[in-house]
Each structure stands twice: as structure tokens, then as C-alpha cells.
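Here is the structure we will look at.
Going in written order, the chains are labelled A, B, C and D, and every chain counts its residues from 1.
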């Protein structure tokens, strides 16, 4: 019988290796897998690349992981939230690399990785500093830039409920990047509030089918 | 107060002009907007291009529309179902143009139209007859072909329930192409079984938000 | 006595009010982070408008009552919001498909500068000591059917923000449709600034003196007549 | 007495059984229209396998009881199916994202021809009088992690189907992993056909005489030992 649940959080993050590209869910705190990120802080892995919309806030979650020195690079759309002090200190001291990607392009590049699209032309960033150096093409009279898939070794995401097969549902706007990151990573680890029986979730309502989920960590057990 | 419901089926199809590109939902009969297609048969429009997975079956729905002589061209993945007699007769008599597109590419091209993607590279059809004449590129060692968006003037789709704002849900595998076609057309007309009050549908369960829906025809009224 | 140097200008709430009047019933609207969020407060009661938030919400409602905040229901500025009946949730990629695919009717954004050809600069200054951050600005700029700009006519230092050419980094090229400032309503038409409304008592000459690019005034121009809002 | 010309060969059900044994627990599997659908009938009872259908189903179950058919719950062959507990529905684009994105572990397809380099021909014949139709075959061919082919070793006319080069139009290039025929189990390794199992009593020479491309036999080859299935 398939059971994707891991027994503890140490096991959940044991699948992450040095140098991994980690897709970290959430928009601000909504949907951020805080516990998984903090468990990762306690491991020996290093030289991580983080892909996430923001660069952490305060001293917890992603910010704590960055503070631990394990993050060599962050790929994100908006690292300048008022609370992103740890990131900004690291950046100012040249302790972390930053790649800023427009939010829709960030999301679409991960979708391309998950959907087997080799590259795509988007009008976003054409003619701007963020489009500099990229291949461009005029399509239907509009300048587009060519963007490539952004694939993760690991996705760390947060959800509301899972079953043992890895079917998951989210809560309100905490859904945000997670369904796409789950598709775009080789291995996806989800932190959920509740494990339910197989068949308990409405099949019309399952947002991420188990095919995209590898390990489930139930947080409030 | 917004109300996207039309009062009768004649009004529903009155938005369709000569030469329109119509995205017609369904996989076989599941999700096919049979009544809308048949109502269209009774209008004076002509020279239509139909985009649909199949080429109709029997004498009803899409097959009836083709039989009426209104369809100049069909873009589909699989027009050779056993029951597609009307299409096959038209094709054999050079009365209809056919463009065969791999099913995933058909769907992805419509998604690109709906999502503002200018073009995309896909490995599907590379090195095959269906990839002939297309721009190709080797990405990560794999040959890809460049595909362009497939936009509709009109989408005709079937759903289970709608509210007056155009939020809709589908039934089981009848969902298939409809959510994507609704995004990819300038004007989307949905045939539904039931109109429900605003707020009655679970916001987590709404598959196509009203932003993609222009007109609602309630079939079993 | 408190003084304000702009005796004829609209205050921020009045600019938000003016923009709200411009939004027809049934519109799907994205309001940028900051001042543009105020536009939602001034939509006429009899108009049904749908607010989109790029983090995956359509049908976003106002801030919740104190104590009713839900950390999983926030807007693009990461502030607690509510969902109206008929609202829905979707993932980020679908949300930006709505934006990039031209499904959002109107997006109201702030700006550092707008050029007469419609170029928009609102994501980065010339200060390179701070890390850059773009968020969804570039996607919104190229994606929404109409880009409305809500901004002060001049910078805090008194420099013009309506320019012949943007000196700040571009967010998008030729994307701005209309600019709503404390002093005027200005359309971008054929790469020119065309003034269609002026604050009470303001002349085109006054406005031109505060504007880098040349302005034209339409014949049937109006005076902006906002209600008192404090 | 009924006669069958292939006295050593497996029947269709036995080939389906053989493929079913090859599918590990937890696999996400797409079965092509036609004979490959039979594979689902022979999955060992203690193995949990998830069947994907390209029209937007994961966790597809067997055909419903007579009278329980639902026209909105059909498989890729448009035949009524059921949904198992834990199954889910999604749109066509998401379904092909699963396929093209390499999330399907195994896809079992029929074929007109397979070439020794793994090229697959299964969507069109050389008959140009009929309209073409490809369905999802090309997406499945390039997308699934492993492509298994279920086919007769020879055409009905006695021509080989395992070829040096496909003479029929390609579905995909270099995509086939393993071919299961009524006579053998053959892997495609480094652009060569490597036989690893033979039907009872069959020699490699017998098999080579029915095959266009050269065959090699692994040292530890096995005899296929299916149960009786009629």
C-alpha cells in the first residue's frame, strides 16, 4: 500500500542534498512551508539555491534558512519587503546571489518545467533591464523575450489536507505557487495540517493530484 | 447588477459572425455543447473554422453543424472516430479543410492564447510529419518545434453549474478542454444545466472564474 | 493654520475617487500595492466590480473586521482581505495567465515616471545600492487591457514625473493609457499627453510648467469636481 | 479442433498479463486505446497502481456495472469507466502537462512498427486516402518516462514490425523502451533490440526470422511463463 507520509520532519528534509535547487512555496507567509524550512536549517546541507516569490521576513522560515548561511542564491520576484532584513544584510555584504524575475515569468518558467515546455516567448520584461541579454522576437507586432524552464530538485510546499496518496488541497490564497512548484520539482515534499482518508476529498476539488507529491509531513500531529 | 445569462438559445448564438474561429468543447460527447452547436446550425453564419478534439459523431451536434455546410475548416487531433461519418464524407469530397494537431499541442496552443504566451517550444511532433515545416530548436539535447497560440473568436462550452457572474464548475471528465477554451476565446458562451445563486459554489471549487465567461445559456430551464 | 502648497490639487482620496468613477460596471480590475488600493473605497454602490489580486484571488473584498484576519487570505500587498460572494481562488500561474492574457480590464498602478509614448517606470529607481525587486509590475504593465496611473503630478522634490522620456528603468513600453494625478487627468494618445480634465482653477500653462513633456488640452476639457474627502 | 498457427505464442490476454507484471507498485500509468487497456485487468491484487487518462482523469477504475455508465466519465477511448477512491479530475492542458512533463511513469501503446533505435510508428499508415488522426499519441510517445509497446510480433500479413527503420510515419523518435509481443520481450538498448524473454519453445533464430532488425539475446534470458488466459 502506498503511503507517502514521512514519520517526522527530520526524515522529510533528509531528501535534500548539497547544491539543491529548492522551490519554496508561498507568497509572503501565506503558503510558506515554515517548519520544513526551519528543519532544513538544522541539517548539514549547503550551497542551496532557493526559488521563491519573496526573500523571507523576520527571523523565521526562509529568513532563518538564509541566516544559517546555507543559501548561496535566491531567485525571486520581490526580495525588498520591509521585513526582509536578513536577506538585505546578506545581499549588502555580498553573501548571497540574487536573480530577480518578474512574478508571472517566475511562475510560468516553473510551469514550463513541469509541463515539458522547452522554452516560451513572453512579452513581460521586453525592453526592460530584466529583459536585457535575452533572445527577443517580434510576434504579432509585440516584442517578446525567450524564457527557459525553471526546474527544481526539491519543492517544499504547504497545504491544508493530504491523503496518503499525496492528493492535496490548499486554503484560500495560500494556494499561490504551490501547485506549480509541485509540478516543477523532481521531488516534492508537502507540509500539511491534516491527513485524511483516501476518498474523503471531493475528486472535483483536488488541486494537486498525488502524481506530483512524493513525501507528506503532517505538521500538527 | 451583472447578469450573463441569455434568455434563449437564439440569443446565445447571435454573437457568432461569418468566418468566426470557434473553439468547441468536449472530448467525444463528454463536454460537447450539443445544443449550442445545433442552434448555430439554424443561423445564417458561414465559413466557420472549428477547433475541437474530434470531428463530431453521428448526425448531431458538431456533425450536424458540419453537415449544414457552415464549416470551412476543422482543427482537431482525432477526426477518425468510427462515428465521424459526416466529417469523413466532407473530407473525401474536398468540402472541408483539415488541420491535424497533436492533442497536447492543441490544448497547449489554446492555453498560450489565453495566457498571453507568444509562442512555445515543445518536443511533441519533432521529427514527424506533423512537425514538418515548423521552426525547430535543440534544447537540452532534445529537438523541439515552435508552436504558436491558437486563439478563438468564440468558445462554445458545456458545464454543470454557473452563477450569474459566470463562475462555473464541470462534471467529472466532461471538464476536459472547456476551461482552456474559455480562456482562449474573445467571447465564451457556456451551456449549463443549472444556474445557482452567487456564493452557492465553494470558492475553492470554482474551476472557471467568471472573468472568462461572457454568456450563459441554461439548457434545462 | 496648516498649509498645503497645492491649493488647487486633489488629495490622495480624491484622486482615488476620480479613478473609481472611470471604472464601468462588470470590470475586472487589479489595483496595485499602495495608494491604488484606495480606489476600491470609492466605487459607486450600484456598480458591480470584480477585484483581482495576483496571488490568486478574484472577487476580493475589503479588509476584514478587526479580529477576523486570516493569514491565508491576503492581497498582493500581503494585507488581510476578504472574499466576496462569487469570488474564487486559483494558483499563481493561472492568475498571471489572466494578467498576461489580457483578461484584466483595468489595472491601476503607481509610477515614478510616465513618458509621453506611454512608457512606464515604476519598479526601480536609480539607486543601485538597494537590491532590485519587481513583483508583478512588469506582467501587469504589459498584460492589462488598460493601464491607469495614480500618482502625484510632481515628485516630493518638485520634479516632473510626466516625461519626454523616462530616466528611471522601464517597467513596460508604451503601456500607459491614462494618468490620474492630483492636478489632472491625462490620456496617452498617439504618443502624446492629451489633458482632458484639470483641477479647479488650474490652467494648462500651470500644468505645463510642472510637466517635462508637451501637453495638449482637448476642446471639451472638464474641471475635476471631487467630493470633499478627508 | 480449433487451430492457431502460432503454437508457442502468447495470446493477447497473456501479453497484457506479462506487461502488468512489469509495472511496479505506485506507478502512474497511461494505457493506450485498444489492447493496452487490457493490461489493467492483470495487475496483481496487492499492487496499488494509478491509471491516467489523457482526457483528465487520474485514478481511473474499471468499466462500471451495466446500467451505471456515466457519459461524463469516460476514458481516452471514449468508453465508460469509473473513478477509484483517491482519483481526481483536471483539464486537458493539465493532463498533457502531466504527460509532456515526464510525470507518467509508464505508457503502454500499440504500434505498427518499432525501429531498433526506438523510433515508434503507431499513428498513421501509408494509406493517404483516409484523413489523418493523431490524438494524444505523439505527446505520450515523447512524454512518458517509459514507453512499453504491446503488439503482435508480425502483421496479419506476416510482415515484421520490429524494423531497422520504420517505413510508416513516425510518432516519436527514439522513444521506445521495451516491446512486448506474442513471442518475446525485447528491450531497446543503445539503439539495438535486446531480447530478454522468449515464448516457450521459441529459439532466437525463429524470432530473428520474423524480425527485420538484428536481435541479440541476453545471457540470462527467460522463458515467458504466463498463466492460461482465455
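In this text, contacts are C-beta pairs under 8 Å (C-beta built on N, C-alpha and C of every residue); 3 or more make two chains touch, one makes a residue touch a chain.
Only a predicted model underlies this, so the values are computations on that prediction, with no experimental measurement involved.
Chemist: If you apply the touch rule, which chains end up adjacent to both chain B and chain D?
Modeler: Chains touching both chain B and chain D: A.
Chemist: Pick out whichever of the two, A-D or A-C, is joined by more C-beta pairs in contact.
Modeler: Top pair by contacting C-beta pairs is A-C.
Chemist: Once you find the CA centre of chain A and the CA centre of chain C, what distance in Å lies between them?
Modeler: Computed from C-alpha means, the inter-chain centre distance equals 30 Å.
Chemist: Quick one: report the Å distance separating chain B from chain C, using the average Cα coordinate of each chain.
Modeler: 36
Chemist: When the centre of a chain is set as the mean of its C-alpha atoms, what distance in Å lies between chain C and chain D?
Modeler: From the centre of chain C to the centre of chain D is 57 Å.
Chemist: Could you tell me which residues belong to chain D and also touch two or more other chains?
Modeler: Correct list: 83, 89-90, 96, 99-100, 142-143.
Chemist: Residues of chain A touching 2+ other chains?
Modeler: Residues 108, 111, 115-117, 122-123, 170, 172, 203-204, 207 of chain A each touch two or more of the other chains.
Chemist: State which pairs of chains touch, listing all of them.
Modeler: Chains touch in the following pairs: A-B, A-C, A-D, B-C, B-D.
Chemist: Give every residue of chain A touching chain B within the complex, in rising order.
Modeler: Residues in contact with chain B: 108, 112, 115-123, 137, 139-140, 142, 144, 148, 169-170, 172, 202-205, 207.
Chemist: Report the residues of chain D in contact with chain B in the complex, numbered from low to high.
Modeler: 53-57, 70-74, 78, 83, 89-93, 95-96, 99-100, 124, 129-139, 142-143, 169-173
Chemist: Considering the complex alone, what residue numbers of chain D touch chain A?
Modeler: Against chain A, the touching part of chain D is residues 25-26, 28, 48, 50, 52, 58-59, 83, 85-90, 96-104, 142-143.
Chemist: Enumerate the contact residues on chain A facing chain D in the complex.
Modeler: That would be residues 1-2, 111, 113-117, 163, 165, 167, 183, 198-199, 203-204, 206, 209-212 of chain A.
Chemist: Enumerate the contact residues on chain B facing chain D in the complex.
Modeler: 27-31, 53, 77-81, 87-88, 91-92, 98, 100-105, 107-108, 110-111, 122-130, 143, 170-180, 207
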